[in-house]
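Please read the structure below before turning to the comments.
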Amino acid sequence: MNAQFDVIKKKRIQMTIILLVMLLIVFGAKVLTDFSFMEGLASIPGTVFWMFTNLIPTAEAMENFPKVMERLWETIILSILATTTAGIFALFFALFGSKTTKINGLLALLSRVIASVFRNIPVVAWALVLVISFGHNVVTGYFALFFTTFGFLVRAFMETIDEASTDSVEALNATGATYFQMVFRGVIPDTLPQMLSWVFFMIDTNIRSATLVGLLTGTGIGYIFDLYYKRLDYPTVGLITLSIIVVVIVIELISNKVRRMIL
Amino acid sequence: MPTILAEKTEVYEKKGKNKKEFQNSKTILKIKDLYKSYNIKTPVLSMIEMELKQGEFVSIIGPSGAGKSTLLRCINRMIEPSEGSIVFDETEITSLSKKALRGERAKIGMVFQHYNLVSRLTVFENVLHGRFGYKSTLKGILSIFTEEEKQLALEILDKLGMKEFAYKRCDQLSGGQKQRVGIARALVQQPKLLLCDEPIASLDPNSSKVIMDHLKEICETMGITVLVNLHQVDVAVKYSDRIIGLNKGRVVFEGLPKELSNYAIQDIYGSELEDLIVE
Amino acid sequence: MQISEIASSTTSSIKVRNGKIQIKTFNRSNFVLQLTLAFLIIFTVVAPFFLDYKSIDLQTAIFYTVDNLKMMFLQPALNQITIGTALIQILITLALAFLSTVIGAVISFFLAIACAKNLAPTWLSNTIITFNSFIRAVPTVLWVLIFAIVAGLGSVAAILGMTLHTIAYLSKAYSESFEEIDGGMIEALRATGAKWWHIIVHVVLPQTSSYMISWTFLRFETNYGVAIAMGAAAAAGGIGFELFMSSSFYYDLHEVGAITYFALIIALILEVISVQIKNRLIGSR
C-alpha cells in the first residue's frame, strides 16, 4: 500500500518538475523572442475583424483576376513539375536506401545521408542562393522546391518500401529473380499507390511552399501577393489568398478521391 | 498431457515408402558440416549433415529458435552459410557466383508461412513470378511470358483447385487459398526441391490438411523432393517419409516417423516440453 | 497441349485475346492508378513548355550556381555576424518554434477532443475538420503577413501564424489517435458512472500520451523549419532573418553557407531526437 502510494507520489513530483521546466522554457522563449501573450491575444479579434472588412475582393480587385490567374497557373505547374521530377529521383534513392531493396550497405547509408541533408536544408536557403544566379525566374523556384521535395520523398518512399514489401521481396529472390525484376514486379506494384499518395501530398505542400519561395524570389503567386500587399491593395490580396485556398482545397479533394480509388 | 503425446499417431503408411526404398534414388541435396553463426559466440546451426533423395518427403521439427528457418534459407543462400558444403543436384551451392546462384534458385521452390505474395497483383501474375529465374531482366519487368508458361501456370492452378481464382487480386483470398498460390508459384519453377517454411502455421486445421495433402501429392506424383519445417509433430509423423529433429542448431534426431518415440520428442523439444505439460 | 486446346479445355473463366492468354483483367483501381500515372508523366513532359523563362541563359546560370554552391558549402565563413550572434539567432528561431508548438498543442488538445468521432458529436467534428482544412490551405507566410497588418511585423505575427498551422495539424493528429482508443475502455468507465472529464483524464490521456508527445515533437521539428522561413520572408527574426540579410543584402555566400550549416546541424539533431522519441514511445516496426 505504502509502495503504491510512493509510486503515485513520485509520478506527481516528476510531472510537476516537467511542467515547471516547460514553463521555464516558455518564459525564456518569450523573453528571447520579445513575444507577449496579451498582445497576441489582443490582436486576434482585430485581425479577424480586419480580414472580414478588408480582404473581401471588390469589383476593382477582380480586374486583376487574369493577372492573378496567370501567376497562379505558373505556381501550380511549378509545384507539380518539381514534385514529379523529384519523385523519379527519389524513387531510385529510396530503393537503394531501403533495408529490403538495398544493393549494399555503403550505398544505402550514402543515400540516406544525402536525403537527410536535402530534407533539412531550409527551402529559403535554396531560394536565396539560387535567385542570385537564376534571377527572378521560375527556374529558381523550381530548383528550390525540387531539392526539398526530393529529400522528403526519399524518406517517405523509403518508409513505404520498408513497411510494405519484405515478404514478397524474399519470395521473388527465392525464385531466382534479378534485382530489377524483383523491384518492378514485386516492390513497385505493392507500393506505388502509397507512393502516389505521397506525391499528391507533396504537390499540395509545394503549392504553399511555392508561395513562400515566390515571395523571396519574385516569382509566381508569391510575387504578386507581395506586390499588392506592399501597395496596400488589400482586396486584391484577399483575391489572391482566396484563389490559393481554392486551388489547395481542390487539389486536396482530387487527391483524396484518387487515393480512395487506388489504395 | 499434451495432445501430441497422448495421441498414438497413425503413421502414413499406405503410400509411404520406407527408408530402404529411397536408398536407390538419386541424391538431390547433400549438406555436409554446415555452420551458421550471426555472432562468433553462439552458432545458430552447427555440424548439420543431411541427405535428401529424389521424391522424399522430409520434415524438420524443433522448438522455436532451433534454427529451422535458418537451415532452410541456407540451402538456397537466402541466408549466407558460414561454413560447410551444400550440394544440390550435383552443384556446390556455397561457392556459386550471384548469377549462377539465381539459376540454381530457379530450380528450388520455396513456400512461406506468410505466403509472401505481391498482394495487389492477380493470382495469375503471382504464379508466373515463378518463371523469373528463367527470364531476361527486361522480359521479366515487362511481364512477357510465353503461352507455354501461362498454360503451365494454369495447369498447376487447376491441379491445386485455384483456376477459377486466376484473375482475383491476392489480397482478396483466404489464407489457405493464398498458400495454394504460393505453392503454385513454386511449382511453376518446375523445381527439383521444394522448401516449405512452416507452410501451415497460419492456417486453420481444414486448410492445413488441404495444403499438406497437396504437398504430399506433389511429392509423390511429380517426384519433387519436399523439405518442410513444421511445428506440429503429429502432422510431421502423418505425412513424412523421414523426420529430422533440430535443437539449438544441432540435429538431435533423424529417422522414420515410427521411430519418433516420446523419448525422442523429449530430446528434440527439451525443457520446453515441461512447459507444455504444465499447461 | 496446343494453345487452341487451352482455350477449349479451360473453362470460360480464362480470358484469351488474339490467341494469347491474359494474365490480368480490367480492374478499376488499377485503371485509375495507371490513368493518374499517365497524367503525371504527360504533365511532366509537356508542362515545361508552358512556363515563361524570360530568355534566361541557362548555361551561365547553372555555371554561376555551381560556383555559388561551391562558395557556400566548401568555404563557409561568418563575416557580418559572430558565432555568438549566430547561436543566439538560432536560439531565437528555436524559441519561435517552441512557443508556437506549445501554444498550438494546448489548443489542439481541446479541439481534438471536440473533433474525435468517439468523444464528440458529428456536427462539431465536421465543423472543426472543415475549419482546419481552411486554415491549412493558406500558406503560413500569408497568415503571418495578414496578422502583421494588425500586430505589426515581428514575433507576435509570426507566432500567431505558425500556431494556426500547428493547430490544424496537431488537432487532426491528436483526434486520430483518440479515435483509435478501444471503445470498451471508455464504456467501462462510463458504466461506473464516471464523469466525462474523468474519462478524458484517466483513459484518453494515458492511452494516447505517447502518440501525442511523438506528434508534438515532430511538429516542433517542422516548426523549426517554418520559423527559419518566417525569419527570412516575414521579418520574424532569428537565423532566417540573418540568412536573408547575408544573401540578399550583403551577397555574402560564405556566410550563407555557414548559416545554412548551423541550421542544418540543428535540424539533423532535431530529426534524430524525433526518431528516437518515436521509437522509444511507439516502438519501431
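Lettered A, B and C in written order, each chain numbered from 1.
As a convention for this text, a contact is a pair of C-beta atoms (placed from the backbone, for glycine too) under 8 Å apart; a residue touches a chain by one contact, two chains touch by 3 or more.
For each chain, UniProt lists the protein as follows: A, C = Phosphonate ABC transporter permease.
As the structure is a computational prediction, the values presented were derived from the model and not from experiment.
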Chain contact graph, described as a line, ring, star, complete graph or other shape: complete
Comparison of B-C and A-B (more C-beta pairs in contact): A-B
Distance between chain centroids, defined by C-alpha means - chain A, chain C (Å): 5
Distance between chain centroids, defined by C-alpha means - chain A, chain B (Å): 47
Distance between the centres, which are taken as Cα means, of chain C and chain B, whole angstrom: 46
Set of chain B residues in contact with two or more other chains: 121, 125, 143
Chain A residues counted as touching two or more neighbouring chains: 193
Touching residues (chain side chain C, partner chain A) in the complex: 28-29, 32-33, 36-37, 40-41, 43-44, 47-48, 50-54, 56, 58, 61-62, 64-65, 67-69, 72, 91-92, 94-96, 98-99, 102, 133-134, 136-142, 145-147, 149-151, 154-157, 159-160, 225, 228-229, 232-233, 237-238, 240, 243-244, 247-248, 251, 253, 256, 259-260, 263-264, 267-268, 271, 285
Residues of chain A touching chain B in the complex: 165, 167-168, 170-178, 180-182, 184-186, 189-190, 193
In the complex, chain A residues that touch chain C: 22, 25-26, 28-30, 32-36, 39-40, 43-44, 46-47, 50-51, 55, 74, 77-78, 80-81, 84-85, 116-117, 119-125, 128-130, 132-135, 137-139, 162-163, 192-193, 196, 199, 208-209, 211-212, 215-216, 222, 225, 229, 234, 241, 244-245, 248-249, 252, 258, 261-263
Chain C - residues contacting chain B, complex: 1, 3, 6, 10-11, 13-15, 20-21, 23-25, 27
Residues of chain B defined as touching chain A within the complex: 76, 78, 101-106, 108-110, 112, 114-121, 125, 129-135, 137, 140-141, 143, 182, 185-186, 189
